[in-house]
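Labels run A, B, C and D following the written order; every chain starts at residue 1.
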Amino acid sequence: MTRDELLYKWQAPQPVLDCGHVRLVDVMGDDERIEQVARLSYGKGTRSVSDRRHLLRYLMRNRHTSPFEQAVITLDMKMPIFVARQLIRHRTASYNELSGRYSEMPEEYYIPDERQVCFQSTDNKQGRGDTLTDMDAGEMADLMGASADNAFRDYRILLEEGVARETARMVLPLSTYTQWCMTMNLHNLLHMLALRLDPHAQWETRQYAEAIADIVADWVPLVWEAFCDYRINSVTFSRMEMDVLRAMLAGQATDLDALSEREKKDFFKKLQLTDES
Amino acid sequence: MTRDELLYKWQAPQPVLDCGHVRLVDVMGDDERIEQVARLSYGKGTRSVSDRRHLLRYLMRNRHTSPFEQAVITLDMKMPIFVARQLIRHRTASYNELSGRYSEMPEEYYIPDERQVCFQSTDNKQGRGDTLTDMDAGEMADLMGASADNAFRDYRILLEEGVARETARMVLPLSTYTQWCMTMNLHNLLHMLALRLDPHAQWETRQYAEAIADIVADWVPLVWEAFCDYRINSVTFSRMEMDVLRAMLAGQATDLDALSEREKKDFFKKLQLTDES
Amino acid sequence: MTRDELLYKWQAPQPVLDCGHVRLVDVMGDDERIEQVARLSYGKGTRSVSDRRHLLRYLMRNRHTSPFEQAVITLDMKMPIFVARQLIRHRTASYNELSGRYSEMPEEYYIPDERQVCFQSTDNKQGRGDTLTDMDAGEMADLMGASADNAFRDYRILLEEGVARETARMVLPLSTYTQWCMTMNLHNLLHMLALRLDPHAQWETRQYAEAIADIVADWVPLVWEAFCDYRINSVTFSRMEMDVLRAMLAGQATDLDALSEREKKDFFKKLQLTDES
Amino acid sequence: MTRDELLYKWQAPQPVLDCGHVRLVDVMGDDERIEQVARLSYGKGTRSVSDRRHLLRYLMRNRHTSPFEQAVITLDMKMPIFVARQLIRHRTASYNELSGRYSEMPEEYYIPDERQVCFQSTDNKQGRGDTLTDMDAGEMADLMGASADNAFRDYRILLEEGVARETARMVLPLSTYTQWCMTMNLHNLLHMLALRLDPHAQWETRQYAEAIADIVADWVPLVWEAFCDYRINSVTFSRMEMDVLRAMLAGQATDLDALSEREKKDFFKKLQLTDES
């Protein structure tokens, strides 16, 4: 897909959550550019890796990440403030966000779908567990909507009384939608996606990561494939886990004492084996 | 002041706004370290600048900024979320913030003092102008307090129903206090202070900049003095303004046509002269 | 000029020094993009600034620098290693450099033109002063050429004996040409240019800054004009200098005691007045 | 070990290569600080992880890397320019390097020990293979020494003729020793060490990584242990390798077709099994 075709295909805002979106603004560089840059940089060392796909996979596998910095993307994103606060922790990017000091904030806020109103997870301190019963979930979603409604009513009153925008906005909830233009290179974007596509990332933030991933898969298909094979779907074992694994493969007695209870559980999960197997 | 004396003096949280604070956690390096680093780096070139104060002023004046990166500070800060959102735009720092996914947010929110409830500025699109009348200001501050109260009540209900913390917090207002540990080098800190001590910075954010400035003035007194003389209290004139200024000094007729109305006003303000003078 | 026109115009390597070059590889964003991003970010606050040129000048003048980060450029550069070592200090960029571990370094090194073989400056610790006499300059340039020749002869011997490239290259001189692909956003590029176009920058490095400046002036003509008016050709006066300046304009006796000898000289130079005037 | 004890123990320059060194200048933060910061940030979520060691290992294992940014180190390093050029690619650090424009470069250059004069590796494009025979290695090392000697002789002549230092230094070899003061946070330092302790890193650069590692192991012993267990000695398997591994563990026929020849070799090496096993 050429740059023009890509920009044409993704020109419309891609809806995310109830009022948000991800829209492709521009890209620079592609699979071919990354290949060329790597060949400049590694010179003779890359001649033996004959074709583009093979070379890009080699780079990803060996964490030769700098060529991936030579491809850059600009996205227009609209998301709730609590999502924006997570994403902006990725510092190696350029953000221009709608300013509540210069502009009135549009009356748009996120209300979770009932399926996303869940109990606090018991085993994951940062996450959500089972969904509430339908009735309770609906009630809670309604409460959240009413709460945001009240806050925006107070915001309007403050503005009508002439209070400065920068002051009035303090009453707005973290569910308020904001918007920004974000420019990031592919290396940093892939790092962000690796973290935000993870099941431990907050569900709402993950929706944005997935919307971006769709664009990236189209933009740099060979890099994306390599990223899935060598990063997203790769598995890392600690020194202690490697000891166990090597013993298992050698058919020796395995000693799990070096692993904590949590690590044991995770170890078998990584191998997709049950504890008893 | 030695490092120990500094840490002792500033060990207590310094109150900022109604519930916030700035607290010194640690520092590394000082005026002397910066001098030593500069002498390593510039070698013979710095011999002619005989004493420490003179050398530090030379560095600041000539924007040889890299030695200032060799001094580092860690601060514990508690501030409303809308302030945190402004400060975190300073990317060249390390932040560890209280997470509303892992922890319940404490029921603390900022309510502006009546003197800070002001009208939207008419000539400054991002700022505040005159204070509302006492009665109106009090009423608006009360409204903001009640609005935050309502939001926290909704937050508590959601938590009591077992809703995940990461979901419940979406109803919290931008005035909610958050807390972080921030580590930043002196060069980046001075850049942040130059922007946030500016009268155009939001008043609440400025209070944090001023609290930090007090610590910095104690920590690196010679650098701070140079920063005030060559940065904070320096004045920059554009190419067009320099043409006018040179004509004025030569006693020639001045042609202000190259300046916009706004620039003319600013020009005379920089010179602390009235338009007619 | 459209992106295609720009890429076409600058597609050929622009020669710099004796064997170096700067070549435009790609750009993303332009004056218009920066305007759009600023309008998204500042919303209503930018409506009053009616046209593009006016808005871009407003951003530059008030150091609202973040929109300039949304335009990005990729350059292919070939330069002596001592120049590369200065430029790479600009950390906020992505570099992919020819690796002397993977590749044999091409036998190309910089020999200064005779006019650039100068005496050590007496008043500028880091710079060069008057040119040597023609004869001496020629002799010294010849010496430098012979010295590099010898080093490359040793390099070839080491390679012929089978010594690893990463070891053999240690004998190569700092004048050896290297090459890289550099991607940088416009904000950081302008900062780099402000420092490297300065008369205090090393002459050789300045040639690269000037070659880049030519491209930038074509790429974002309105930003470039604003940058020249508000940055490159602006003048900054310290607190002490402002005191003197205001006294001068008020026709009062001026007290220069707060300025060091060097500062006095610089002050009058900034005003383009002689000491006696 | 307290900060004072650490600074005392490592106050002397630790020799590296023939004329280089690594010297500890200062540290800020330690294992305890990182624990405290994590507890602030994750609040209740960290209560269940009862002790410091356990918590630090949890952070490392789950790549919760931001608390490691709150510990900072300053090192004084002296190394050949070709090593400095590799290290400075780690951009998230502050460097103040001896300037060859301000100072004459001391006549010190690196000559590899004979055991380090090796053939170009045949299977590793960037590396070295077997050592040359003693006689050849000695001859080559002598050649390198003579080559640097010649270059420094030319440098001296140029300086004696009065040529500017910034010009004269162009003849110096990449083996010339330079010196810098480097400040870096622990997160970035560990990332640098992970790359530079790797057997693929150039041997000379690895010596610096190892000298730094010794200091870090003393400074933050619990973090260092976790780093070794979960990063340095961990092993990552790609999606395709995991398919094979799971089949192996299930006692099924393994299909290695998805792995390239190189990957197959690496796969068995990771498992420390021979191809036939």
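By our rule, a contact is a pair of C-beta atoms (placed from the backbone, for glycine too) under 8 Å apart; a residue touches a chain by one contact, two chains touch by 3 or more.
Keep in mind it's a predicted model, so treat the numbers as computed, not measured.
Asker: After a C-alpha superposition of chain A on chain B, what does the rotation angle come to, in degrees rounded to the nearest 5?
Answerer: To bring chain A onto chain B, one rotates by 180 degrees.
Asker: Could you label the chain A-chain D interface same or different, taking same to mean over half of its residue numbers are used by both chains?
Answerer: Same-residue interface.
Asker: By mean C-alpha position, what chain is farthest away from chain C?
Answerer: Between chain C and the rest, the longest centre separation is with A.
Asker: Looking only at C-beta pairs that count as contacts, which pair of chains has more of them, C-D or B-C?
Answerer: C-D
Asker: How many Å are there between the centre of chain B and the centre of chain C, using C-alpha atoms for each centre?
Answerer: Centres of chain B and chain C (C-alpha means) sit 30 Å apart.
Asker: If a residue has to touch 2 or more other chains to count, which residues of chain D qualify?
Answerer: 42, 44-46, 66, 89, 95, 99, 101-102, 125-126
Asker: Using the touch rule from the top, collect the residues of chain D that touch chain B in their complex.
Answerer: For this pair, the touching residues of chain D are 25-29, 33, 37-38, 40-46, 66-67, 69-70, 72, 74, 76, 94-99, 101-104, 179-181, 183, 185, 187.
Asker: Can you list the residues on chain D that touch chain C in the complex?
Answerer: That would be residues 80-82, 85, 88-89, 91-92, 95, 99-102, 110, 112, 116-121, 125-129, 132, 136, 140, 143-144, 146-148, 150-151, 154, 157-158, 161-167, 169-176, 202 of chain D.
Asker: Contact residues on chain B for chain C in the complex?
Answerer: Those in contact with chain C are residues 42, 44-46, 48, 54, 61, 66, 89, 125-126, 228-230, 233-242, 245-246, 248-249, 260, 263, 271-273.
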